[in-house]
């Protein structure tokens, strides 16, 4: 049987424990998993792509199957085709995620003709987390340390002190 | 029986095949259809209103019943009242569209006392298309030619070369 | 221009004021409207088809364009094709209705190749009404007279006395 | 029995009749209600916090139990803890509100360990109102006087004349 | 200040830990809480009303404010009016619950003119529980002991042995 | 790497083209796929389990990785544990499916501690199909041959002639 490879794309601008959970569960399902850091055009990021890469690499170090890569200003589906990846991993937290992801998954399937999106449900302990909300709580001085990996938190802390 | 006239309002900033489908289906249902190009305050447009008008007029040329008009900084419901149009056409692609359109339709009905919004469902081949997503795919170099009329695509191409 | 005809199908087992509102609004939109009383296989009806017909005919008497017909154990789409009706009218009260109606509308379109479903939103004063809930309230002795036409109420009252 | 106190937080940038309705209904349910004016980071406000406070105070004057307070750049849950308020009041207008509020309520509960969010449903006459849509209608010259308290309308009018 | 009383109505045919959680949280919010066991017409119950009453009473014994009462074939809103209860407590687990409860709450408000429904969100640990699903798991031999109070489980066990 | 095995459970009482599509797509993702025919307690089936098995086996014959098995009156999660299957495959067609499947997936995860549910989205050409609706169309004499495999259709035809 061929090696099964998957791509987990995201902007990861504030990696949450929910993201980490999806990475771990996806890594079990596939032979190789690429966590792809993509640019989100509509929002100004809090972290640089290099910072995001370092954070995620630190976390996935024990998982040999997982690689982290930066894809600046690229389309997920173009990267998937170039890398010959047939599976994209996405997670769903609520009906709004579902409707959004359905549109993207279908566009990706139509554009590539080969890419299938596989969905995992957000674990119930992470279903209420969103990077946007956690960033807002952080900006207002709230404690988000139980929602993000400590690697994220220490960089955030340095940023704040500046 | 009086002439039945309808208004199909939108910002049409990247006219999709889904919009064209709704125009054609609405034109069958009414004696006269006005495609109204309105200003969306919250997003900076990619096309000028004149470009939008030219694109849509080119497409609806074979449909005698359809007229295209620009309404800069006007309220849909005010235009409808001024033109004595009693029907507004809107399309629904998913539950989020539905909840948004329900609010607007009710406000328009209450403000005008006369305007009824008639809904067509997006055809299943166009249900996943949104101007916003297609613009993002285009900006990242993706091929959107199967989702927008060729008139849109050729203007986009000219814009890119500049 | 050809006559525009529409079919408003339903089981109408407890006609509500919401149904009547949709009938009136649809009658304005079309040259002719047929209210079609269809059999619902899964639920035992409270009213006979003849009772339903009499009730609705009484209500639509002032509306010349509207006819009422019984179609026992028939498919809506077959009736539409046989009658050369190209428009089916349906109403939406919430996201659940929307998702249900989307499936049926698409099946009807695919099976007939000609039938378009036109949607009106339930008026906000009737959005919370369902025949099922009103029947349950009635059975428990609640007063539903402000939610159903008086024609329905008087037959219900006779049924109860028996 | 101890005094039951609740906090109704919001940005209230265009107080609607829907907000006023929730304030009145909440005031009946609790012994004391604090309407908290919070800063929304993502949108530039139309009204200053002082203007908002004056407007709401004018409206709640007959309700002795209700106080209005400004909390600039503060987290709702931090304020609730500091004030020893155990109940937050929020209103739901549709499924999108519901999913958004569910996430925030759960975060607030987890962060504080003590705060419970109590939900009232928007009254059906106000279910379609949102500050954002009303502001857009106002900017395009529409009449929103039947959707906002007259106190709001008179300040808006002064702003426009400037 | 007057005594604040609330009614938590339900069929409770398989009381879940989710129900118990809502009872406890509601008891804090009100001076007196009546858990009302109502008849659900559409489903044949697994427990008799007397069994349900005994189970719930056992659980709420430490909560002095809570009473349990059986209301066979009665309308919630009629009971609320008769008891001069102005608040009904209901819980929401997902968008489907929300849309269902919205309709019922509005009908109850319109019929009574006095009854307000107050909503608590299901705690995230109980959000996925429904009496129906748990009954099905039980019938197929699954272990549901972590989802229902032990009082329920021991009666279920006796029923099975018969 | 260990063999990856998945279970696709269902009642399959009217196997649709949508089911077949999910079976084919799942078979690519896993080394071995068991299509499990389970009993649905609430609805009387149209097909016997043996008929269902024969139909599906005929269709999956070209797919070596796929086996079909009957599990009468068993819990999906118990079967998964007994077979040491760690993945359950389910498909989502709309927000209602999503909310239903989320609950079941979470229960299965909690009960088994090992089972992960992997979701594929229904292909857009099958998103509107449900066994229930197709059965109703069939019973009313409609042509469903383009929605179900011919194996299903020929058995249905035999049943009808009896």
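Should a chain be cited, it is by its letter among A, B, C, D, E and F, assigned in written order, with residues numbered from 1 in that chain.
The rule is simple: a contact is a pair of C-beta atoms (placed from the backbone, for glycine too) under 8 Å apart; a residue touches a chain by one contact, two chains touch by 3 or more.
This one's a predicted model, so the numbers in the text were calculated from it and none came from an experiment.
Enquirer: Taking each chain's centre as the mean of its C-alpha atoms, which one ends up farthest from the centre of chain A?
Expert: Greatest centre separation from chain A goes to chain C.
Enquirer: Between chain B and chain F, what is the separation of their C-alpha centroids in Å?
Expert: Averaging C-alpha atoms per chain gives centres 40 Å apart.
Enquirer: How far is the middle of chain C from the middle of chain E, if each middle is the mean of its Cα atoms, in Å?
Expert: Going by mean C-alpha positions, chain C sits 34 Å from chain E.
Enquirer: Could you give the separation in Å between the centres of chain A and chain C, each centre being the mean of its C-alpha atoms?
Expert: Spacing between the chain centres: roughly 48 Å.
Enquirer: Mind pulling the chain C residues that touch 2 or more other chains?
Expert: Those would be 95-96, 99, 102, 106, 124, 127-128.
Enquirer: Check the chains against each other and report every pair that touches.
Expert: A-B, A-D, A-E, A-F, B-C, B-D, B-F, C-D, C-E, C-F, D-E, E-F
Enquirer: Which residues of chain D touch chain E once you look at their complex with the stated criterion?
Expert: Result: residues 1, 4, 25, 28-29, 31, 86-87, 92, 95, 98-99, 101-102, 105-106, 116-121, 124 of chain D touch chain E.
Enquirer: Would you mind writing out the residues of chain A in touch with chain B in their complex?
Expert: Within the complex, chain A contacts chain B at residues 41, 73-75, 77-78, 95-96, 99, 102-104, 106-107, 110-111.
Enquirer: Going by the contact rule at the top, pick out the chain A residues touching chain E in the complex.
Expert: Its residues touching chain E are 95, 124-125, 127-128.
Enquirer: Which residues, counting only chain B, touch chain A once they are in their complex?
Expert: Where chain B meets chain A, its residues are 94-96, 127-130, 133, 136-137, 139-143, 146.
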